[in-house]
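What follows are several structures.
In the two complexes that follow, chain A is the common piece, with chain B as its partner first and chain C second.
Now for the complex of A and B:
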């Protein structure tokens, strides 16, 4: 099971010890089809994690609309199963984090949001 | 909806079985609850989708705004950087907008102008407002000649004849004006780049001054050189240039006492015969006038034959010739020809003709400088000089004008080119050897010349017999010579000698 995606523009990796998926760089893929491998990675993580998943976006400089869409759908999915909790870590110095990450709480009111 | 449909289908399928059975109230309530739940789920799903749509759109807006502001920032940063570059440039930069209003002046520009961007009423005020004057005057610079105003008209222009009058200093400037065009080809801005040319103007002034000094110096140098060459020329009349050249010098100034050189040369001595007698008939002034008239006539004969006059001794000339002896002999012949003309002139005005004797000898000469600290002269030390002088003396004895030594004859390129005959043998003073002396008679009158040439073989035979002391036969031959050429002084002298010897021998 590939728990890591490495490209020139972005890296996504899963650390089982902390149950954290970290996103780094800029992700500008087009449409759900191109985001499918990332969505799959997240689903796999959700399948193995018993209680809580942390999404570390602190070093995610840029994410386009399809990317936000993909993350939002994942959060809805998790909310439905109501099995695990989600924590999202954003950065204060990256402009879009403030607005867009807060919108995740509209989809999952219990979502833990931290800006570091 | 799907659940409700299913319910009715199930009811339909079981209608026969449950025809008589009505659904229990519990069953219905359960069904309603299930449907209610389904509606809730759908509502939630709808809400999710709405949030999703909003979230995505909002995110899209956020990111777009961010990107735009970042791009704008990047541009602004670029502009700031460019402005920083402009500010840092050590030469002045000023910009006018298309209306002629000052738009930008960089730091160096503000320093040079004494002020930055000013609000002007019109571009016509530019020179006045920035105190721009025609260099070196108190006249305001015509605004439409300013390079930046010309740039506003679309020209590239330069000027370096203006200066800025600041409160306590004047700054001379050089300005370049360049127009900046918009896409439509109209002038959007005019840029002026300018720099302080104080140093350059000073350097130019210095250079002019330097050039003038150099020019003066050159002129002085030229004057000095002229003076020196005049001096050298003047000296040349006392110490011959050729003499200096032989010593290896350009100028008399370089000559050191004791400088010397040894050379194979020919020495020519010329003397006016019976000058003492002639001189007694004239007063001192006439004497000098005569000598100078004579010498100035003789000098060209020597110089034109590559010789130089070593010295004048009263009426006598001592001249020196390098290389072959031909120059010396030709000079001697030329002197005699000049003398013939001179005598005709003298006779024409009632003066007695003069006669000269010329003796030429060749040999090794030592040329050098002699004297003490305050009086120095060039001189020639050689036996060859003494012999030349003695040979010159012999011309009087034999009544011929030009005699040369054996050594000179041997140094002629081709003796047959000259009319030459043997005359005598002389003993060199203090030495036992004899030197044969020859007469060169090319300058004789045509009749005498041809008579001497016609008699040459007889004459030579007579001289040979004489040498063998056969005076009888020799005398006969001399008589023969005298029959056709009675004016042959040498033949006459020898005839007399032959007779004397014979009578002397008879007496013994």
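Now for the complex of A and C:
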């Protein structure tokens, strides 16, 4: 299982040293089946049970609602196990971050959200 | 407030839901049309994002940014991001729910007014899918959007077989405080072809 996904439109990479998954580009896949490889990558990161997983979205220009659904599902799964903390890093200069990232905190009140 | 109004005659039947308006004629607008094609949806999927980005790029020329005034640059970026998100979600829905058996075209129209952007997307919908969609519209119009949004995410997370998140329209309400409206119109009978126009009004 690759811990890195590279396509023309987006890149996702995992840094084990900091348990950080970084998302870059535009991800607008058509549904859960197309998002499965990304969901699997996230599940693999969670399986190691680091104390904290960081989702670095600072260079994620676009994410469609199916992608928001996929990340939300991951956050709900982590919340259920209650063993791992999650931090989400957004950017002040990317419009959808300010509008949509706060919803993750509503799913998991302890989630750390920073706009960098 | 009445959520539904029916105007029926023996041939023409139109149903309106939510905030649907017939815009006045003299406006700035841009329209992109797609013919139903034999190319599989999977291969056409990337067109949604490209079209959405194009519409968003085009629109920013009407909201000029001035390097000396950071607020204008921020506003331009915010409008661009919102237009791209909404246009992409509307196109994704249109492509997913389009009635592939009909020849009815899909189009997206972007209208610019002084204080709002109006998106209008038309596609055909399978007559068998109309009731389910209208029930979902009623739910959107009668629920508290942010509560419905969380409920929906929890439900989707618990349902492994979920193929359609149902979040696109909902995020327009919760995250973009947009107004939504729909028009269902029977454009042909025998075989029955029903067109749905989804309208989104975004305050800018």
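To be clear about the criterion, the second predicted complex is superposed on the first by the 115 of 116 C-alpha atoms of A that agree within 3 Å, B and C clash if a C-alpha of one lies under 4 Å from a C-alpha of the other, contacts with A are read in each partner's own complex, and residues count from 1 in each chain.
Rule of thumb we're sticking to: a residue touches a chain if its C-beta (ideal position, glycine included) is under 8 Å from a C-beta of that chain, and two chains touch if they have at least 3 such contacts.
None of the values given here were measured: they were computed from a predicted structure.
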Touching partner for A:64 - first (chain B), second (chain C), both, neither: both
Touching partner for A:73 - first (chain B), second (chain C), both, neither: both
First (chain B), second (chain C), both or neither touched by A:110: neither
Per-residue touch tally on chain A - higher for chain B or for chain C: C
Chain B versus chain C as contact partner of A:96, first or second or both or neither: both
Chain B versus chain C as contact partner of A:50, first or second or both or neither: neither
Residues of chain A that lie at the interface with chain B and also at the interface with chain C: 62, 64-65, 68-69, 72-73, 76, 95-96, 99-100, 103, 106-107
Partner chain C, residues of chain A touching it in the complex: 9, 26, 28-33, 62, 64-66, 68-69, 72-73, 76-77, 93-96, 98-100, 103, 106-107
Chain C to chain A touching residues, read off their complex: 41-42, 45-46, 48-49, 74, 77-82, 84-85, 88-89, 92, 96, 146, 149-150, 153-154, 156-157, 162-165, 167-168, 170-171, 174-176
Chain B to chain A touching residues, read off their complex: 48, 51-52, 54-60, 62-63, 66
Interfacial residue positions of chain A with respect to chain B in the complex: 62-65, 68-69, 72-73, 76, 95-96, 99-100, 103-104, 106-107
